[in-house]
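Heads up: the structure comes next, in structure tokens.
Chain nomenclature is as follows: A, B, C, D and E, assigned in order of appearance, with residue numbering initiated at 1 for each chain independently.
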Amino acid sequence: MSQGTGREYEQLRISGLHAFYGESHILHGIDLVVNRGELVTLLGRNGAGRSTTLKAIMNMVGRRTGSIMINGEETMSCAPHHIARLGVGYCPEHRGIFSSLNVQENLTLPPVVRSGGMSLEEIYTMFPNLYERRFSQGTKLSGGEQQMLAMARILRTGANMLLLDEITEGLAPVIVEKLGDVLIALKEKGLTIVLVEQNFHFAAPLADRHYVVEHGQIMEEIRADELSAKQSVLNGYLGV
Amino acid sequence: EISDNMVKMGYLADMSGTYRDLAGPNGLKAMEMAIKDFGGSVKGAKIEVVSADDRNSPDVASSTVRRWVENDKVDMIGGMVASSVTIAATKILEENNKLGIVSGSAASSITNEHCTPNHIHYVYDTYALSIGTPTAIVQEGGKTWFILTADYAFGHAMEADVTRVVEANGGEVVGSIRHPFPTPDFSSFILQAQASGADVIALANAGADTTNAINTASEFGVTQGGQTLAALVLFLSDVHALGTDVAQGIQLTTGWYWDMNDETRAWSDRFMEATGARPTMVHAGIYSSTMQYLKAVEATNSDDSQTVRKYMMEHPINDMFAKNGVIREDGRMVHDMYLAEVKTPEESSGEWDLYNIVRTIPADEAFRPLSESKCKLVSM
Amino acid sequence: MILNGVLLVLLVLAPLVMYPVFLMKILCFALFAVAFNLLLGYTGLLSFGHAAFLATGGYTTGYLLSNVPWLTTELGILAGTLMATALGFGFALLSIRRQGIYFAMVTLALAQLVFFFFVQSSFTGGEDGMQGIPRGELFGLIDLNDNLNLYYFILAVFLGCYLLVQRTVGSPFGQVLNAIKQNEPRAISLGYNVNRYKILAFVISAALAGLAGSMKAVVFQLASLNDAHWHTSGEVILMTLVGGAGTLLGPVVGATFVVNVEYQLAQGPLRDWVDPILGGIFVLTVIAFRSGIVGEIQKFMRKNLS
Amino acid sequence: MSEQYVLETRNLVKEFKGFVAVDDVNLKIRQGDIHALIGPNGAGKTTVFNLLTKFLIPTRGRILFKGQDITAMKSAAIARKGVVRSFQISAVFPHMTALENIRIALQSFEGNSFSFWQSGNRLNKLNERAMELLDAVGLTRYANTTTVELAYGRKRALELATTLAMEPELLLLDEPTQGMGTEDVDRVVELVRKAAQGRTVLMVEHNLSVVSKLCDRITVLAQGAVLTEGDYETVSADPRVREVYMGTDASGERGAPAATTETEA
Amino acid sequence: MSMIFGVPVAVLSGQLLIGVINGAFYALLSLGLAVIFGLLKIINFAHGAMYMLGAMVTVIMFDAMGVNYWVALFLAPVLVGVFGMLIEYFLLRRIAGQDHIYSLLLTFGAALMIQGILTNIYGVSGLRYSIPDLFKGGVNLGFMFLPYYRAWVIAVALVVCFGTWFMIEKTKLGAYLRAGTEDAQLMQGFGINVPLLISLTYGFGVMLAAFAGVLAAPIYSVTPVMGSHILIVVFAVVVIGGMGSIGGAIITGVLMGVIEGLTKTFYPPASSAVIFLVMVVVLMFRPAGLFGKEA
């Protein structure tokens, strides 16, 4: 999976991205490219700015400068709802389950932005817990169940680029395993995925490429096939 | 001797709240009209006016009045509507020996238990209002009465006065309801009043409460049901707001009406020119009392409160507001009051053509006799 | 420190140039706002019923001073404060378990019931107000009918209370209040019985508000229903926010500002426009100076110093 | 009878409108153990914690702490008795610095918390101990940073340090390593090990490597009921546990899809 | 005639009916307030002013252009609603996400301005407006005289209340609204134009208040201060019902109308305080109100 073969469609290109929360300057010039059908991860230590990068793509941080192209379209001046309508699905770090809605309402809440999303039945087969609790208030779910719901919710919308922030957080190993299968299946369907993950063992076998983020900058780009060669560099960054 | 070679008057009233239309900004206009008509100066001393919104708060009134008399050399204060404001203000005037002429307040306690040698109550009071209307109605055959009373001292006083008058004339009060102040919806009370079967439903309340009650009474067909409505405190501005449609036939007592004679009409034309509205009795009272005050200052060549008050007491008032009005030792200015009836839409020739004056209530009947007074100034 | 010194000197000299009764009014409202801010700014509790304490203090003091001839003024004020404290304790017991806006509304409801009580009671003088309260003598010695004497007495009480609140906010107790304000469940799990802390804070606040009311009754020689009306509860919120909630000086500045603006406008050519202008000031505060006058100055200084 | 058990539950049940989240659970936590509560998502682990600390009221059953019935006690009283929890979702005082966060916890032992007339400087003596705790979780650098500004993982570390400040006899940790990088996970493991000296720990954790490294005893919950109990070897060998919880990978690292195993070796 | 506590049954039934009618007003007003608080977390102290504007606009439009009641019934709420949206767009939007208390201060300030300006133009005595001809008069029910207009008020208010409840609780749009208030940013991240939704919601809540104002214009004295008295009563209703509970606001509105009506019969002086007594008692036992969900 090499770059620049030309036939590849560039779904996301970020260049020189800076982001701020009020006074504090968090991202210091991020540059990255994701092609259609690729799964890339953002790796890094706590506080490196990975979540912020995803939020910046969604225009959910205080202030941004630089350029973010989605499907070749500049989105720096777009409101978040326009960005979502370009086919971007975002699963936030803190889940964002709505307590005023029940599980099923939470699940069907995000509007469908493109055809080809999963059906409710497919989702319930994938996460039987959710089916069982479908009429409970969203926030009454257990931590892990909420995490499943947050992920499941954007699978329905048909978004073709997913920004996933720590989706294995708090999940039992069986479920994590199942999520891995889901991501593989999504990738096969041609979806583009940007994954922020702490759980490297989960991410490593799924990803085509890894970006290492530190202090709000991309420090390293590692292709899947270089992984073993660059393991020590990576360990250095991640402090393993 | 006129102090500082200047006569300084203060106008204190509710400029923005519930009582705004009673005295309010137009009352200030009336005061200024009087000064202008008087010539702008007394014996070479300039006449000046300061004014303030009392915001219906005795605190505000008290700090304003204190500053006026203690710092700003104000000699006389006029206006004053809410009773708490009036009582607070007159206490301070007494302490500082300045003069107050109260035109807006209704409470008869102002010249009774709260009387001071430093103020005059000029236009009307609850005692006077509750004499005329009940007497007339009972005499016309309205024997049984039901009273809707605003649940505060003012309402209670009115209720007691009405009861006394009704009973003295051979009528009977069959029931009463004390409603909270303010009450936005009167339907429940009107219903109870209807159910009582009384001949007359009397409203011992004021302002928006009264207009709301009258509106509701009309909606629930009180008069069609054969009952009479008697509003005890109803001003021209209220009737104007209600319209003759709703208010027709209501009897009320007033101290003055703009359309009584050529003199009143001439003055109120000028007032209307300045303000866009016809004057209430309070506006007329403010004009008249300011005039009388300035005359007294001129005559005595003094702005000392006791000198001026004494002069005013000794000289009966004869102007467009009152004929043979007399200021008594308790500070009450007694003058004729009038029983009025609201015109029907057919009778009315314009938006301000609202009353027929039915009867004159002579001054000595209209006000609480000195023999019943609790005022400390009244010598037994 | 220097700032505080300058302010103190100004306060001591103020009656030489300004009208003392007006200054005392400001001090009373400032104390009222300081008391309120202890709850809003430092405990995160929005009370919408503080008028009840102001009025209770005022009526109690007024009633006693008018009817108990031997009572010296400071005892009358003390009695008013105690009465408000007791009422505050009652309010606290009934309301403290409610959260957020419900807390605000329970306090409002309780205050409305207190208002109803005052309307119905004859000793308050109803809407005429309780008038002609004697100012009396301090310790039976100093004549408080003299405006300056009274001013310095009120100033001393005010400063004492201000320092007390300052101390309270920084005290170990104040730290716990701050913790409760920020994350109540967490404070509970750290072993704090948060309700007791909130109750104590509420009672202190009610006591100081009652004290403000008692002093106000002495200054104006009257107590009226306006003090108990919910508008007064609202007004103290506004004063606090305009000055800056959660800052010590904020409520003082806010009270000074609001009382002044109201007073100056009511006198001037814009006297019919007091309400809309005040309304405009509130809107402006929220839009442009959200942290209040003092809060914004602090922010500005912090920015320019770092 | 049960001297060696710090904490026992007897037939503990919690129902939510007909849904049984905790179903007749009998836990026995031995003095000095690090005891893990594991199980699939929604098994009822957090609910058990909530019952133990009275954030929820049990529908039925009893809770004994050191032989004493604490079923009827309130949250704060239980915390003062020495049963302290950390939260699954990070709970800090956002507008205090990290140091102040810890100090508030330490202060609850001081007994002067109602002294509104005392100077706040009296609390400075707590700073030293607070710094030690911050150091232990690697937050020394952030002592004076306002907590809102900390990244998520650091908030979790702070939360843990605060809990430790309570010097609990029984420490309840709900997913202490959630949201942390590998580096921090290792540090937390060390920290918990250190903290566990002289006290008992009950923890919920999905990171099996942490469980295997730390825990003396493990209770597996599934659908609100106890599935099995034992040490790591016994439990991880149980096919039922593999089926409902661990999945195909029981290597001890965090759960991961089957494909991982190759890369890992 | 049979009596209950010394009150004839006929009178009592009349009082109950009156209570329900007033309750319908409360329901309409508290509904708007509940929508605004529940969905936007804005404490709308301008609600009374919006109610007043509804009535004032009706009268002013009639005086100036002869716009009749039926047209005003639609036009006035729309105008006031648009005005509300402007307030939302230019003012409230800037404090989104801030503590409740700022919205309280801001809307209170706005209400003071609106009220003050109108007071200076129109005074406080009230403007004249009469009942539309269709509803003049009434029917004698035996136990009371029921003005047609009151019957109309109750019918139309209940229809509007139910419609609103249905829209918010049972439709997708309602779900967007509820979710958008919890985490607007995330909702926007899902592709929903949340700012527009918020404007519309505020406008809608205000419209309900203005609608109540139009209904009130023929029967109550129309003045710039007519909304300020009713404001905290309506707040109390919303709190008793449970802030944010749409159904709760409606049911409680009617219930409080009845309770107030009964108090007016048995102990009139307390009728303005009774709602607060009920509130204290209710919150004692149900911390989140009758129909509120506990946090």
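What we mean here is this: contacts are C-beta pairs under 8 Å (C-beta built on N, C-alpha and C of every residue); 3 or more make two chains touch, one makes a residue touch a chain.
Everything numeric here is computed off the predicted structure, so don't read it as measured data.
Asker: Taking a step as a move to a touching chain, how many steps at least join chain B to chain E?
Answerer: Tracing touching chains, the least step count from chain B to chain E comes to 1.
Asker: Report back the single chain whose CA centre is most distant from the CA centre of chain C.
Answerer: Centre of mass proxy via C-alpha means gives A as farthest from chain C.
Asker: Consider the two chain pairs A-D and C-D; indicate the one with the greater count of contacting C-beta pairs.
Answerer: A-D
Asker: Just give me the whole-number Å value for how far the CA centre of chain A lies from that of chain E.
Answerer: The computed centroid separation for chain A versus chain E comes out at 44 Å.
Asker: Provide the C-alpha centroid distance between chain A and chain D, rounded to the nearest whole angstrom.
Answerer: About 29 Å separates the centre of chain A from that of chain D.
Asker: Would you kindly tell me how far, in whole Å, the mean C-alpha position of chain E lies from that of chain C?
Answerer: Going by mean C-alpha positions, chain C sits 32 Å from chain E.
Asker: Residue numbers in chain E touching 2 or more other chains?
Answerer: 116, 119-120, 269-270, 272-273
Asker: Going by the touch rule set out above, which residues of chain D reach two or more other chains?
Answerer: Touching at least two other chains: none.
Asker: Show the residues in chain C shared as contacts by 2 or more other chains, in ascending order.
Answerer: In chain C, 120, 272-275 touch at least two other chains.
Asker: Go through the chains and record each pair that touches.
Answerer: Chain-chain contacts present: A-D, A-E, B-C, B-E, C-D, C-E.
Asker: What residues of chain E sit close enough to touch chain A in their complex?
Answerer: Spelled out, the residues of chain E in touch with chain A are 175-176, 178-179, 181-183, 185-186, 188-195, 244, 293.
Asker: Could you pull out which chain C residues touch chain B in their complex?
Answerer: It comes out as residues 19, 21-22, 25, 119-120, 125-129, 131-132, 216, 220-222, 224-227, 262-263, 266-267, 271-275.
Asker: Chain D touches which residues of chain A in the complex?
Answerer: 24, 44-47, 51, 93, 129, 133, 136, 140-145, 147-148, 166, 168-181, 184, 198-202, 204-206, 227, 238-240
Asker: Flag every residue of chain E that touches chain C in the complex, lowest number first.
Answerer: It is residues 37, 43, 91, 94-95, 98, 100-102, 104-106, 108-117, 119-120, 232, 235-236, 239, 243, 269-270, 272-273, 276-277, 279-280, 283-284, 287-289, 295 of chain E that touch chain C.
Asker: Could you please specify the touching residues of chain B with respect to chain E in the complex?
Answerer: For this pair, the touching residues of chain B are 16-21, 24, 151, 177-180, 182-185, 187-189, 191-192, 194-195, 208, 211-212, 215-216, 219-221, 225, 237-238, 240-243, 245-246.
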